[in-house]
Each structure stands twice: as C-alpha cells, then as structure tokens.
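Should a chain be cited, it is by its letter among A, B and C, assigned in written order, with residues numbered from 1 in that chain.
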Amino acid sequence: MTELVDILLQASFWAAAIRIASPLIFATLGELICERAGVLNLGIEGIMVIGAFAGWVAVYGGLPLWWGVGVAFLAGAAFGLLHAVLTVPFGLSQHVVGLGVTLLATSTSYFAYRLILPEVTSPPKIVPFEPLAVPGLSAIPFLGEALFTQTALTYAAFLSVGAVAFVLWRTPLGLALRAVGENPAAVEAQGLSVTALRIGAVVAGSGLMAVGGAFLTLSAFSSFFFEMVSGRGWICIALVVFGAWKPGKALLGALLFAAFDALQIRLQQTPIGAVVPYQVFLMLPYLLSILALILMSRRAEVPAALMLAYNKGER
Amino acid sequence: MRLEPIAHPSLVRQAGLPVAAVAATVAVAAALAALAGADPFAVLGQILTGAAGSKFALLETLNRATPLIFTGLAVAVAFRARLWNIGAEAQLYAGAIVAVLLGTGAVGAPLVLPLSALAAMAAGAALLLGPVALKVRFGVDEVVTTLLFNFIMLLFVSFLLEGPMMDPMGMGWPKSAALIPDARLPRIVEGLRLHWGFALALGAAVIVWLIQTRSTLGFEMRAVGANLRAARFAGMPVNAILLKTALLSGGLAALAGWSEVAGLKGHLSQDLSPGFGYTGIIVAMLALLHPLGVIVSALFVAGIFVGSDAMSRAAGVPTYIADMLLAVALLFMVLAILLTRFRVVRG
Amino acid sequence: MSLVAAAAEVVLRLDGISKRFGALLANDAISLSLRRGEVVALLGENGAGKTTLMNILFGHYLADAGSVEVFGRLLPPGHPRAALNAGVGMVHQHFTLADNLTVLDNIRLGTEPLLSVRGPQTARARISALSRDFGLAVPPDARVADLSVGERQRVEILKALFRDARILILDEPTAVLTPQEADALFATLRAATARGLSVIFISHKLHEVMAISDRCVVLRRGRVAGEAVTAETTRADLARLMVGDQLAETRVTPRVGGPARLRLRDATAPGLKPLTLDLCGGTITGLAGVSGNGQAALADLIGGALAPASGTMEIDGAPVAAWSTRRALAAGVGRIPEDRHRTGTVADFTLTENTALETYATRFARGPILDWPAVRAHADAIIAAYDVRCEGRDQRIRLLSGGNMQKLILGRVLEERPAILIANQPVRGLDVGAIAYVHGRLLDARDAGAAILLISEDLDEITGLSDVIHVMSGGRLSPPFRRGTLTQAEIGLRMAGQGFTDAA
C-alpha cells in the first residue's frame, strides 16, 4: 500500500499521466464532435494511425514539427471526409464504414511506411517536441513539474478542450452542430444544411483524432512503428460515453484513465509486479474502460440522432 | 441530394454495380502496384496465380479461408440481428485455448474431437454473452465492449503462453504444448494439405443458412435486426433472441480458433490469428451477410491474402496492399449495393 | 376583412406548379395567390397534394414546372433558405424541434451567422417581445421535451416570427390541439393578420376553415378543384369540392354494449393515473384526447407491452396476473399500432413475413421449424380478403401505400378474431377510400362481438364511430359517456384537463 501512496505523491507520476492523456484528449474531442453531430466514427482507430504516420513522415521528410501536426490533421481530415461522404449523404451504416475506414487508414499507413522504408528493422527517429517549461508556473512545487513542463502539443490538447467547449456552447455553429445530432429535421427546417454540418463535423473531428495519433510519434515516441495506437481509438470512444458527450467531463475521464495507465506501469516495478503477471496490469485500462461504460450507461444523455442517417424528404 | 428508393431495380443495375465495385478495386490495386514501382499487370497476375495458380496455392487459399468462413459466419449471424459483434478475434482465441486445454491429453480418443469442438463453442459463446448481457441489461454499446475484449483476450493468451500453458519442452518460447494426434483434425484427402475444418466450415454455413431461412429463431433474428421496435411490438422476446444470437455467433467464431489449432497448427501461439476476427467482418459484409455468400467471399478474401503474400515476395510490393484492397472493396461494395436499391436525385 | 384583403397586394404567388413522383402526378399545374393580411385555407384530403406543394414552396423538392414568387420576387428552386429568407415561415404538422435543446436555442437555431460568437442570451429580449405581442406564452429556458404539445406549436410559430416571417404557413395546426387551444391559436392568427402578416392554413376540417379563413382553395388529386371566398360558400360546397363524388359518410348507429370483456380497476402504469375502464363486447369505446396524454401507455397496458403497476385487470372475468404482449395475444387482444411504418411492419420484410410477425410462434411453428407454405397461404388469404393491392405476397412491404399497408395489418389482426381490439389512430394519414374501408371493417368486427378501443386525436372520428366515449388528459381517464351526451366543446374542456373528479 505504501508503494501506491509513494507513487501518487510523485510529481513525475502525474507528469506521465498528463503525457499519456494528451493523445486521448485530442482523439476523444474529435470523436465527441462527430457524435455530437450524430455520426459515430469508428474510423478513429485507423485515423489515429494515419495521423501518427503522416505527422511522423512529414517531419522525417524535413518539415518543422508543427507542420507535421498540420499534415497529420489534413490526413485525418481526408479519411474523415471519406467516412462522412459515405455515411452522411449516402447514409451507409456507420458501423461498417467506420470499420472500413479504420482498416483502410491503417493499411494505407503501413503500406506507405513500407514503401518509404522497405528495409529498416529499427524504426528511424525524429527530433520530437521538447518539454516546454511555462515561465513562472513551472516553478511551482509539484504542480510545476506535473503540469507545466510538458510539450507544446500537450498544452494544445488542454487548450482544445476549452476551444471545443466554447464553440459547442457559445457559438451559433456549435448550436447547429448539437442540433443536427439531436434532430436533423429541425436543422433542415431552419434552412441549414444537415449534410454540410455533419460532413464538416466529421472532417474536423477526424483531423483532431489524427493530431492525437501524431502526438504519439511527434511527442511521445519519436518514431513510427506498427501497432503503436493499439486500441487507443476504441478507448476514446468509451471516454466519450464516460464523459457524457461533454468536453470537460471527457477531459476528466481521459486524465483518470491515463493516471490509471501510468499507475499500472509503475506498479509493475514494485513488489506487487513480481507477484502479479504483467499482462494483468496491461489489461486494466481496457477493463477500466468497460467498467466506465457500464457505470455511465444509464445516466448519459446520448445525442438523440446518433447513428441515424438523415434522408431529406423521408419522414 | 436525396436518395429515392427504386421499386424495380433493373438487372443491369443489380448486376452491373457490384461488378463495377470489383473493377474499381482492381483499378486501385493496379494503381498501388504502380505506386510501388512495379508493373501493375504483372502484380495482378502474380496475385491471381499466387492465390489459385497451382495446387499448392489453391490449398493454401482454402486453408486460409477456413477460419474466415467461421468468423464471417459469426459476424453475419450477429450483424443480421443488428448485434455488432466486433469481438470475433477474442472468441476465436477462446476456442483455440479450449482446443489446447482438452487436446493435450486431458481427454482421449474418440471423445476428444467432438468434446473439444463443443467446449470451444461454449467458450466463445460465453465470451460474447457478457457484452450482450451488458447491452440488454444496461444499454452498454456492444461495439466498444467487444472490441476491448479483443485486447484483453490477447493479453490473456500471452499470459497463458508465458505461464500456465507454456510448453515445457518449448525452450521458453511462448507457445503451448502440441496437441495429441487424436485431438488433431485429419486431412480430408491423405496427401493433400487440407483438413476437415474446411468441410466443417462449409457445413456450418449451410446450417446457419437453414437456421436463418427455415427456423422460427432465424425469423426472429432477422426481424429484430430489420426493425427492433416492430419485433418488440409483435411480442417477440427480443432480449432472449439477442442472447441466442450471441451464443450462435460466439460459438461460430470460436470454431475458427479451434479448427486452426486442431486442424492446421497443432498448438497455440500468439500469432495464431493475423486478425481473422476482424477480417471476418469484411467477409460477412462482402457476402451481404448471406451465410452461403460467406463461403464465396471468404475464398475471395483468402485468395487476396495468399496471392498478395506470394506477389509481395516476387514483386516487392508491401503485403499491406491486401488489407488496403479489402478495405477498398468493402467500401465500394456497400456503396454499390446501396445504389442498386436507391437512386441519387437532386432536390 | 376579405374586402380589405381583396384590395391588398399579392405577397405570394404559386404559378402552374407541377411535380411528378414516378407514376403519381402529385401536383398538376397548381396556381395559388395570397394577399397581405389574408388567411387562405388550403383544403384537401390526404394525398391531394398539399404537402408536396408546400415542400416545393420551401425548396425541399424541385418542381417539374411552375414558379414561386414571394413579394414580387421569383424564388430560386431547390434552396430551402430562399423561402425562409424571403419571409415565409412554416409550421409543420410534425414539429421540427430538437427536444433536448431549450426553447431559446430552438428558436435562434440557424438565424445567426454560424461563425460568430453568440450565446443564447442575445435572442432572449426579442423572443419575449414576440411572445407578448402575439399571445404566445412559452418558458424560454425550458427544454422542448418538457413542453406540452400546444406549447411546442407556439415555439414553432415563434421560430417563424423570429425570422421576420411575413407569411405563415400552418400545416394541419389544430390536429394536435384541444378545441380551446385551437381557439387560442386562431386569436394568434388574427393578431398576426392585423399586423399585416398573411397566412396559409392547411386543413381538412371544414368548421375551422369556415371560422378562420377569408378564402378557400380546394385541392383534389393534385389539382385545384375549386376556389371560393369563405363568406360566400358553405361547408357542403367545400366538402363536395374536396372529395368529389365519393362523398359517402358512414352513418353509424350506436349499439348498447354486451358484457365487459376487459375490466381495469384502479390500474396504473408509468404515465397513467389509476384508471377504471370497461371494454364491452360489441361496442366501440372511443378514447378522445390530445396525443401524449397517456393513450400510448394505456394501449401498451392493454396490449401487454406494459404490466399494471397496481390495480387489477380482468379479461372475461379472470384476473390477469403475469402480463406480456405474448400473453395478451393469447388472451385474444388484437392491436392496430399507432405507427404502421415503425412498429406495425418490418419495411424490408415481404408481405408474407409481415403477416406472420405475431403468430409465427403459435400458428406456424412446427417445433423449431417455421411452416412457410402455411404462412404463404395465410398471406394470400389476407391479401385477397382485405383487398391489399400489391404485386404479390413476396413484395417488400415498404413499397406498399399507407392504405394497403394498413389493410394488411387489419387482416393480420382481424383474422385472429380478437375478443378485444385496440385500434390506435387506425386511419391516420390514409385517403378517403382507405378510411372508409378501415372504419367499415372495425364496425364489422364490432358487430361480430369484438370489444374495440378506438384511440384517435380526431374528434370527428371519435364522435362518429364510438358507442361510448372516454376522454384522456394528463394520464387520467374520464368516466364513460354515451355518444351524443357531450358536445365537442365539452369533450374539448376535458381534453384540456377540466372536469376530472379526482384531483390526483
């Protein structure tokens, strides 16, 4: 038990938790935007992969880091557009298209990676985002190390939460997005285009997911390798439910989840880790996600038109 | 734009669009090959001959199709009832574990094969029952839970293979002990590398087809999938139907793992399935969820994989082209099928 | 008033509008004009082309021919925004509101530049001013889901007014209102025309049309069948224009009921106050009330989808213990569902499959096997006996017209010879012919001894068909009244919740 307390009292533990949370925050926000507009985006897992790859390859090819983030966003947006065109105007099953997009984005990344680097065995590295101490704030004991010596991309993740919340609740665009996920007919009747709003939401949301993926290569691991996303996308879908489709709560969920993940890594190093097989620790995040879904299932207010295609003129 | 149902789609539309989808997929394949610096026509030819150009290639394709038929059926059965079982991968491993548990000496001939098959089905069914019970009881979306179970199951298998199930003679490799000969599925024809699992898969497809079209349960499963509210209004026991669907689907997926271990590999390792569970989704969708169609689409998908492997060795185009082609084929096909039933109109 | 209007400028002109859907000519060279300060009633049976015409005006459909002119300007076809921006507001029969958003958000949705920064507060002052001026009281911060039907309609009207609509189009606005709420709506419309707005009032209720409109335009089978100044015409003339020669209203003689087949005593369920109800054999019991006042729960209770939470239910004198849809069906309860598309049928199933939805397990199961030859014979019998126009039993039911779909459902239910029949909005959305057919079949079933519960929002249907009438409001059920003992106005007061003895 003392080990546990020791871990929780380390600033480095919380710094790690926030690092782990960052990609999840981006991707969860992206999924949240899609679902708020009524589209379940199961392409998230693959879009994170393409984001990780595209961001990495751009920087590997010589572009500055922030350009890499931009390239990742665009790559994700492109696959989002594919998803949106098939599910919104054509109204195809969001489950099937989402899984198809995940497979396509993943295999495209791997295919392109092998095209570019046919022979390498150990993946080449790039120079990732460096931790950036916020002047003043980083000097605060404990909090400074945990919160304010992160990379710029992490700060961007936190800022995105506020930005997305602001857009959703303080702008007419946000109102329109929420309305289109509640009752597309109401939006159409007010002269707005359901198709344009939903496509826009999925494209933007997918871009954010891809930035989440790019965090892995540009900030966390500094190289691209296969299976690196390993279910993070699916976990983000659970986090959206856990966060009741609200950015603030989703952030909280991502932090909780990441803290848990960081904890299990550290617990493996303790005497407990010698007794309990490491696979059990690795399972915990997934089990936790399922638990979160069960706990939140009853209370959550699902967007009323989630997963319902809208065909004009059909009542 | 707007979609308008077509009351009587012409034959040209019904046949032409799916053909166009396949043609478009082939075009994408050619483009990817060119992108990789290879001769597109040569690459297409190599995929074809690699998949079916020789007895060896054909048998390889049939072997590869076997688990895909099972997982494809599992997905088709579930999706037909709108039960989104994305966890066939986990259920597959559940079946594989049981094959090892019972097949390494715990049970002897002649009981071991039928017993381990049934136990494998039970294990897979039980694994899907959890998420479906959560869906029915708490409204928890089964897509995410079944997906997450895949990751949990892989870790569990890893734990088993590095711990209690590790082959003591395996020199520390994470793999299980080999099955006893009585627990292995024999070959259909002596001398040909094709085991009875393939025949079983064909039989399973026929049985599933009969269930769906001839039985009251099949009627119920289709009704629940096509209109849940109407099914409930008509008095159908919706929750029980979903649970029964889960049992059938999970059981079928488990047979994929069981037949891979008992028929092909003879032991369990972590790379038993290169994503057969996920590919089953593609197989089922390409078959439009028709159980007999699953056989055809599983052969097609297996052919692409086996052919691409062979082509990749020869032409140097990355094997991931196979996954790309399947994804493209899937998306083109669902779009084509939609357009056989609806036309796009302006305003 | 009509004299004033006759001199006023034309604000809306539809000219030669035609629209074809496949074989159906929904609009055939329809022309119509509306003047400032005028209320024009657009009359017509279901399927006469009213809805299509309005969808063309709003750019939801593209017309094959014809033009739309608002305030002297041609509207570009196919742009939903064009009509809105030109000052035309529409209140649909089925409200287009987002239930989980507030009144304020619903009203301002789409009225502000998307890329601006604006919360809900900016619109508040104007909305309260509009509410006051037009007598449209609604709580601005309430979620729409928590509003009554009448309040939701007010939100819809406010939506149009907030966009500076000068022309209001109301599609069957009173269908969901109590007579008293309808009167309040008429007051709002008068306030609107006094301020120079113009109104198109779509309806098939002649007495309302006579009460509110200055001019009537009657549509029949996609054409303008006639046009008249309201003051110079009569209900009978309008009725003849609407339905042509097929004006054959069912004259129904009331019957005195037999013994009670179903008895509810202080029965409750979610959404229902303790209620007492007898359904007698050979009797049509009408249930009047605005939709959403517990009718669905009552139908579910009798139909088995809900079990009584307290109180007792008896069928033919035997108390009901465990209760489910299956048990209800076995006990002889037949159900015609409110929504034939979403709950009554499976759109992608064939006619054959749809006829077996409720009976596959009892009539057609041979062990685990479904006896398809028997199901097919059954389907053929229903198609023949109930005059279902189709291409054959293997056709998907989604391609059937509403009337034929309803006939199939009717056949499915009546062929089981139900002792108790719940007919929930059995003729909603049907054309005159189909309505007469359905009503005829219900009367046949009554005469054959069935105890029928007829649930309808259409008071004319209730008072025309029922032997006994109950009124529902707020989950409460009034005592029974013999047909003819209450006026429509008295029924209306009860629909609005007055005159219930128990204060609970």
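To be clear about the criterion, contacts are C-beta pairs under 8 Å (C-beta built on N, C-alpha and C of every residue); 3 or more make two chains touch, one makes a residue touch a chain.
Remember, predicted model here, so these are calculated numbers, not experimental data.
Visitor: Which chain pair has the highest count of C-beta pairs that touch?
Guide: Greatest count of contact pairs is found between chains A-B.
Visitor: So which chain is farthest from subunit A, going by the mean of the CA atoms in each chain?
Guide: For subunit A, the chain whose C-alpha mean is farthest off is C.
Visitor: So, what's the distance in Å between the C-alpha centres of subunit B and subunit A?
Guide: 28
Visitor: Let me have the rounded angstrom distance from the C-alpha centre of subunit A over to the C-alpha centre of subunit C, please.
Guide: 45
Visitor: Roughly how many whole angstrom separate the Cα centroids of subunit B and subunit C?
Guide: It comes to 47 Å between the two C-alpha centres.
Visitor: What positions in subunit C touch 2 or more of the other chains?
Guide: Those would be 60-61.
Visitor: Going by the contact rule already set, what residues in subunit A reach two or more other chains?
Guide: 312-313
Visitor: For subunit A, which residues are in contact with subunit B within the complex?
Guide: Its residues touching subunit B are 42, 82, 86, 89-93, 95-97, 99-101, 103-104, 106-108, 110-111, 114-115, 118, 195, 230-231, 234-235, 237-238, 241, 277, 279-280, 282-283, 286-287, 289-290, 293-294, 297-298, 311-313.
Visitor: In the complex of these two chains, what residues of subunit B are touching subunit C?
Guide: These residues of subunit B touch subunit C: 5, 7, 214-220, 222-223, 226-227, 229-237, 346-347.
Visitor: Can you check the complex and tell me which residues of subunit A touch subunit C?
Guide: Going through subunit A, the ones touching subunit C are 169-173, 175-176, 178-179, 182-183, 185-192, 301, 303-304, 312-313, 315.
Visitor: Under the touch definition given earlier, write down the residues of subunit C that touch subunit B in their complex.
Guide: 22, 59-62, 77-78, 304-305, 324-326, 328-329, 335, 337, 342-349, 353, 356-358, 360-361, 364-365, 368-370, 372, 398-399
Visitor: For subunit B, which residues count as touching subunit A in their complex?
Guide: 1-3, 32, 35-36, 84, 86, 134, 138-141, 143-145, 147-149, 151-152, 155-156, 158-159, 162-163, 278, 281-282, 285, 316, 318, 320-324, 326-328, 330-331, 334-335, 338
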